[in-house]
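Shared chain: chain A. Partners: chain B in the first complex, chain C in the second.
Our next item is the complex of A and B:
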């Protein structure tokens, strides 16, 4: 049932405002691809183009290898789940779920009020449909809710009904636009698991729009990040976390966010933080200001050290269950804040107001040039200021 | 917090128990609204009801209590019965016509993008035009000899029609003029309803395969417009029941065009029989009330989800 999806050079503008430019994207059959990015970057627009609700200005959409640009949303055999569920409020849950099948299997006169009672085969088809609804409802555990109208359901229940309506036609492609963003935190975590499980069970291709990077990281096989209408990076969650292609991706993925420190590359190619070398070298021929990215868990604090190290003052310490988050101010310029994550059971005295030396393993550091692109790094043999 | 702080202070007032105090306070709060309601609505209605059981006439020196006499007279009066029948016919023409045409125009205008503002104003103009003045225009348009409508009919080979002279055509003619006056208003109400329909629902309908015009209308537009439709139906029927100005100007309530409000006007202000006219008004109000309540209950079941 699962199908691949290929987008080639998709562009879209609303009036003069360009929203998407030349998006190339291939989604393998059965994949769970998350589409992430800041608000207004065009995620919903791209999803609507895939669904056929919006027409692209240029480029091609292919589903299962077949161009679908001239097909209606229905003919594309996709299902879509909307942020606010978009259930028909005057229909019961069962009627909502049944609608796609009714439209598929009954002719227009057979669906019209009054006239429909003339049809002889309608009863038979409706019976078949209602048994299919029963199966889907069972899979999503919403059988007791089928008679209720959407107004009488909780957010999570509505979400499940919307999912059932999407599933019932056995589409090749599931499109979801921030389906969990209207739920409270606990339910969101629960539904996250359910969706992942559903994806595993159905084996269908999922395209999942979210601005919540944790959802993207935990659920997807791959993440595509849009930024300013362009594809900033596509890769596995680990790829995006460990090798962000740009400053925007680095900042977006990871919670708490990555620490970005202003640094520079001296003429010898060494990366200098403040006045101290970091033990990193930039690629050949590169000099000038750069940004140094350090994930909170990759920073080590040293309370007593005589080596030349960048120093930072502890502002406060937060208890996060298994972890502790330490908020520090970099000593040179008090502007730059720094967040360090340490395991709760790590020994050491962390007193607000105290000053600590900062160390990190060079191979864990990320380097970005002034336009935010990732730079390759190489560790120098002599590690100054770095703790192994 | 405030209740906690205040509680001891209140408790020091010993004489009355708590329920009595609450009852007193509640009554005091209700008094102003009740007085207003009494003065503005209940009192005039009571006046009307009392008048309707007397033979009061303007200028009369004495007044007699008739009980239900006025009502008996009204219900056996052939003129009044015709007025009731004609009014119901008028409502039966204007109510469905006003709702369906208003919705149709709203759907068409809603689909426009740049020309929408123009159409909105154009259709709304008849609402702002005073019906009395426009009735003169209609009188000319429908004139048997000079009017362009009959001119067109004749050119198309039809016989000349006495739109405002032939008794059986009077109510339909008045209904058309009433519709002309009303559709713009209903259109604006429906447009407001249409604008409030979430775009997501149309998207969902499209995904579900219900994207064709008829399916879209039946699955999204019509059910979503149910509250608007109910409101439009109630206001339209009230307006229709109150048909008066076209009758007063175009036909003077001539044979075939007697309607309730005009009958009330004639009895009260032409023949000065205030008591009798009050009785007619009571019947009129009872009609309106029954009709509105019926509509509200009928439609309510479908509107609420």
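Our next item is the complex of A and C:
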């Protein structure tokens, strides 16, 4: 039942405020695509446009190659899981799950009170529906909960019922709008696992909206990051982590966040941090201020006082189980904090108040111009301050 | 409130007693006329003007008064009329107000703000204002002296629209969107999803509506001449004028019979009623 999804030049504005502008996106059948971005970036609006709950101002949505712009949400054959689960409060879990099938298979008169008893085929259809509910409930292990109302279920259980309601229709697309954000941390990790497993088992196309980059990184086959209503980058989790297309993407993906250091390019094209060359060169013809991005795990600290290195003072050290996070202040200006991740078993004495030299491998560094776009870099043969 | 299992400190006890004294006084003030009605209904004619508030009548005259009331006036007829009128008004009010309130609360369309302002404006207009035009129109079409004439001005209740709109507004949009994705049309969403969760508000409004129209004297008095159509209060008025003159015992027995259904309805729906009013505005 997997279907592809294509968005071409989707734009949307609410009043005068532009929410989405010219989004182009293609999702292959069976993909798990996450839409991520800070709140207000338009990701939920985009999901609602795909669902047909919101109408785009311009552009086209195609599901399985077929334009669906004039189709109702129902006719698009999609299922959606909402942040607050959106279960019907006065119906039992079973009735919640049954509703989409009832609407699909029974005519309107057959769903009306009193009149529905006149239908001869209703009983048969309802029996078929209830056996399908049984199967879905078994798959999600919610059989004992079917008779309960949503108010009598815990958050995780409601989440499962909402998933069951989505699954039971065998939709061509699963749309999920931050479905895990109301769960506690432990349950969230568990449900992440379950969702990934569910995706693998169903083989269906998932579009998953989240503001939590960890969810996106761990579950998706690809991530599309939106920023200010534009598509900032689309690619595999590794792409976004290792080659962020902009400063915004670099900052958003990864935890702890990437270190961004102010640097500049001298007239020879060398990237200078403070007063020291970094061993990186910017593209031809580029000069002026740039930002240097360094992932916490790519920084090495050296206690030997080599003056050719940028220096930083250790503020505190955090124990994170397998890793240790070191918070430092860059010596040149105390404004710039620096986070370094080292394995717990790495030898070396890290004392708060001590000063360390900072080194990194130039090929691991990211360079962004003043408008936040990624720049290509080339390592220079002479590596100063970059002992690996 | 549950009684405390430990002695209350003096200050709290005093405040507790004070608050209840005020409440009791208020309750007494409201209930005294009803008590008087009940007492009068069970007293003998000579005792009515002398007996004061002594709760035990010297001679128990209830049977005579009540049977006289039931025999002399078509009380049952009045009450059937009341049921028809209140029921008819309420059903049409709900059929009109619920979809209107849903549209005002949850659908986006041009002119919504203006329409809602009109609803609020409508709240400020008492029935006395359009009474004359409506009367003239009914007279023109020969519809006076009918159930329809008594019901028509109340079919559209702006109060109901307002109350339901406030209730529906608190209903989560996500659930409506889920219903749309599941394939329900707007009307089906309304009666299958929204209305069931707004039952307390609907019950509260129903009581308001029934009480108001069961007790209404003003409008029936204008459009009804024949006793066959009279609702309870108008019936009592006819009855007081023509038959009983000054026999207050019988009159009060009739009033008791007429008031009883309302009190029963309220007692049965009391919990929902309070829920419905307090829930409005809270999600």
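Here is the rule we use: the second predicted complex is superposed on the first by the 386 of 388 C-alpha atoms of A that agree within 3 Å, B and C clash if a C-alpha of one lies under 4 Å from a C-alpha of the other, contacts with A are read in each partner's own complex, and residues count from 1 in each chain.
Just so we're on the same page, contacts are C-beta pairs under 8 Å (C-beta built on N, C-alpha and C of every residue); 3 or more make two chains touch, one makes a residue touch a chain.
Treat the numbers as computed from the prediction; the structure is a model and nothing was measured.
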Item to complete: After lining both complexes up on chain A, report clash or fit for chain B versus chain C.
Response: clash
Worksheet item: Who touches more of chain A, chain B or chain C?
Response: B
Discussion item. By the touch definition at the top of the document, which applies to A:151: first (chain B), second (chain C), both, or neither?
Written reply: first
Practice prompt. For A:86, select first, second, both or neither according to whether it touches chain B, chain C, the two together, or no partner.
Written response: both
Item to complete: Identify the partner contact of A:103: answer first if only chain B is touched, second if only chain C is, both if each is, neither if none is.
Response: both
Discussion item. With both complexes overlaid on chain A, does A:78 touch chain B (first), chain C (second), both or neither?
Written reply: both
Discussion item. Please report the chain A residues shared by its interface with chain B and its interface with chain C.
Written reply: 48, 51, 53, 72-74, 78-80, 82-84, 86-90, 99-100, 103-104, 108, 111, 165
Discussion item. Considering only the defined contacts, which chain C positions touch chain A in the complex?
Written reply: 172, 174-175, 177-184, 188, 193, 196-197
Worksheet item: In the complex of these two chains, what residues of chain B are touching chain A?
Response: 198, 200-201, 203-212, 214-215, 218-220, 223-224, 226, 305
Worksheet item: What residues of chain A sit close enough to touch chain B in their complex?
Response: 48, 51-53, 72-74, 78-80, 82-84, 86-91, 99-100, 103-104, 108, 111-113, 149-151, 165
Practice prompt. Spell out the residues on chain A that touch chain C in their complex, using ranges where they run on.
Written response: 48, 51, 53, 72-74, 78-80, 82-84, 86-90, 99-100, 103-104, 108, 111, 165
